[in-house]
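The next block holds one structure in the form of structure tokens; read it before the comments.
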């Protein structure tokens, strides 16, 4: 079965593969989004209580970054491996047929490859001291922009609904990349970082939604790709995904803030409270 | 009369409902625009006279923010309630007919929901101390971007004039959202905040204009949706709305500045005057 | 001859009017562009020699700003007056014919009106002390964005060449507005200001080019509006206009720098030289 | 053979000329991209070891900048010269035929001219002390934007594949110009500069790719300009070019960092090490 294309497989197998093809990156982005949200809130909370637990947290965060990089590399390799399972011979051009082979899979491969580079940069940055730490942000921005670019050119010649759901995905990815890009230029605060993670969560859950819309796993009929009402519904569905993600981030915030507070108060209740009030006032002044 | 659509109602009722559907958000945005203008100028004037009346104004502003949040939540709930009055059963999909129900109303609902989140964030931010105060700005930016996104996808398959007036609305909303987004990154000054409120005022008055153009309340004939001259006129009409809003903001500025000056001079005339001159010179230097 | 339209006039008169309609704003923008270039370079040179001539230059610049504001108001009124000369009755809608009257003239009127607001803001800002000085930058940005918006909607239903030359104009105006907008957010340097004035000069000279392309004053035949080669040529013509403007700005820079240097060296040669070197070194360090 | 057009030449000569027309700028951009990468990393490494070798490196960098400017001017003149070799009479308009002559060559000429201005600015900036050093960044941004503008208008009326590969080129050029433009406003770090050089390297290698796609030098048949698969492939090909350029930049970084470290450690091993650690910690704190 050399050079077999997905399009020659029976419908059921095809649906399963493509649904997984959307569910897998969706799951990865949801995991990374939640993890980055937690890390970002933890850093914010620890920074507020800087003087009490400085040295410990610093070495800890460095180890966490390296671990994060390894996990990202693992995800990228898993993603590339799932592609090659259904696609045994790494051929790009079929000289016999005179046509390109599996271009859509190569698209996914390219996307995973840039996230793999992000993982490598993450590991290198915290092992080698002389590298600038903003390198990880650069690679994240690059990975997201490349993903948006690939996804934008993923749907040439498909139907309206298919193009629309991918365009919404590109929107979420591009905004996440734009924020990471702006973070390169300007010193940012926790709000901007949470905005970025909310966009990454959004793309994760939207990947799942695309899977359900285009390849219903229940085996039911696909959506009518030419119905304007479906597009109108998906517009608000996208907004509801975002609202849900914002609420999830809010709940994570509440949980992490409570955790940090309760654990720190056990050791040094009075001092932290004083520091917090002082910092809080200073911040409010700046904000005003 | 389950699942009744607006389009089955007699023309007169339909016009009234849809005109109100544009007049209500228009009124909300005008009120919020004027209020934010006043608050922003008040803060600027109070900051100039910081040392004389610092403690009092700070607690006052905190209470004002909470009140503002409650008002925004009230507006969002009112908006959602007016939709459901004409639309009794909160159904999204009619399984008998096999089609979506009231998608345009759900669009408005989504829009109001995100402004409701802004109100909640406003209240939470000034009750809970550990939350970053830039959260309200983030939620404002989100609410405006979601509104622009929904409005942009609101007019699939309608006529040229209808699309054009909604595009101008999207322009005003998007610019307001963009400024709020940039305010997240960069410490801003009063000019930028007034620019944002002017865009919000503009969208408020433009909502009214849309109501008059698409559903003339006088009962007269609707505008010719295919006439290029109408589009040419609405282009300059949009600019005149903006010019009018700028003049209104200028008048509010003059009034508030006069009020603050006259009230402060009664208590401590000499000191404030000196401070003002000193600060003014420093500022001019920076600007040069 | 009530409500007479330009389109009913004989061809020769029409050409003269419309050529003047492009030549007049073109001349205004060239004058303002050159003036802002000179002012900006003068300020830069004076700031470098700050300590030696501080007090004198400051009062001088304030008077210059007020004068500049009055000149801009004068230009705006002149522009509006030239429109109304050929257009005696300030009517917007002809109820007898049931159609809009002179919409293109009202477009120009709107454009001039916003530049008039810029002039008013310029005067007010330097008379009233409590106004933030960034207000003039805001009004400049507004005036340019409104001009770009009006010009973009100026050519509905015209021919390809006509639309293309106006699009290039919109590009120049929009970039100038964007730079003025960014200057609101970020403290800028002389390079950015010169970039903005170069865009304003570009739009001035491009207004003239539009006049020559669309309404050749020699009375020769108009350009072929459907020839792709004409568009290809106008693309590079636009770049050459820009190159010429850059060279003119360079020459102004050389002249003003020489003037300031020669006049200052007469009074205090040694001290200035020392200051300059010290500042220069500091700057180079920062740039590196 | 007056006014001879490329299109009248035999196919083989035509292919050679046009392939060279893409290979020459491609080579220039690759050389400049690699050189800027090296310079930028060298500066970063030298800045880290500032105190030990400050005076020497400063004068050196100034001389390097002047040399760089001369090289850029040389490249621009070479580029313009290769055009005029195949195009003897510098005519723009053929009055006999009544049509424009060699507009595509004039496009290339304009592009080279702005890079020539960049070279001139580079030389002037480091000879004349009173010029702001950000002028070179402005001229780089201008040159790149003009190139993007010209390339965007280069393909009126051509085929889909031709337009697509040029659009990707415009994307790379525009992003490089945008980063240079943002660098005017905001103090940047090494990561942003490396991002810019990676975009310049990308456009260099993509120029070569365009040459191979549109005018295969092997003399084989051209690509099918209407095949969607070709566009799909070129999308990922563009990403792979970028990935390759990132890896090349990483290798340059490693080599230069090793070179600087090994040469500096020979002279002052202990002191530098201490400084590095101190700076590193400070930086990490800021990043956190």
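So that you can tell them apart, the chains are marked A, B, C and D in the order they are listed, and the count of residues begins at 1 in each.
The criterion applied here is as follows: a contact is a pair of C-beta atoms (placed from the backbone, for glycine too) under 8 Å apart; a residue touches a chain by one contact, two chains touch by 3 or more.
Per UniProt, the chains are A, B, C, D = Transmembrane protein 45A.
Note that the structure is predicted; figures quoted are calculated from it, not measured.
Taken together, chain A and chain B share no touching chain. Path length between chain B and chain D in the touching-chain graph (shortest route): 2. The two sequence copies chain A and chain D touch through a face in which the numbers common to both fall below half of the numbers used overall. Chain centres here are Cα means. That of chain A falls 45 Å from that of chain C. Between the Cα centres of chain B and chain C there is a gap of 32 Å.
Counting partners per residue, chain D has 186 as the residues that reach two or more other chains. In summary, the structure contains touching chain pairs A-B, A-D, B-C, C-D.
By the touch criterion given at the top, residues 43, 47, 58, 61, 92, 99-100, 103-104, 106-107, 110, 113-114, 117, 129-130, 132-135, 137-138, 142, 146, 149-150, 153, 156-157, 184-187 of chain A touch chain D in their complex.
Chain A meets chain B in the complex at residues 44, 48, 182, 186, 188-192, 194-195, 228-233, 235-236, 238-240, 242-243, 246, 257, 261, 276-277, 280, 283-284, 286-288.
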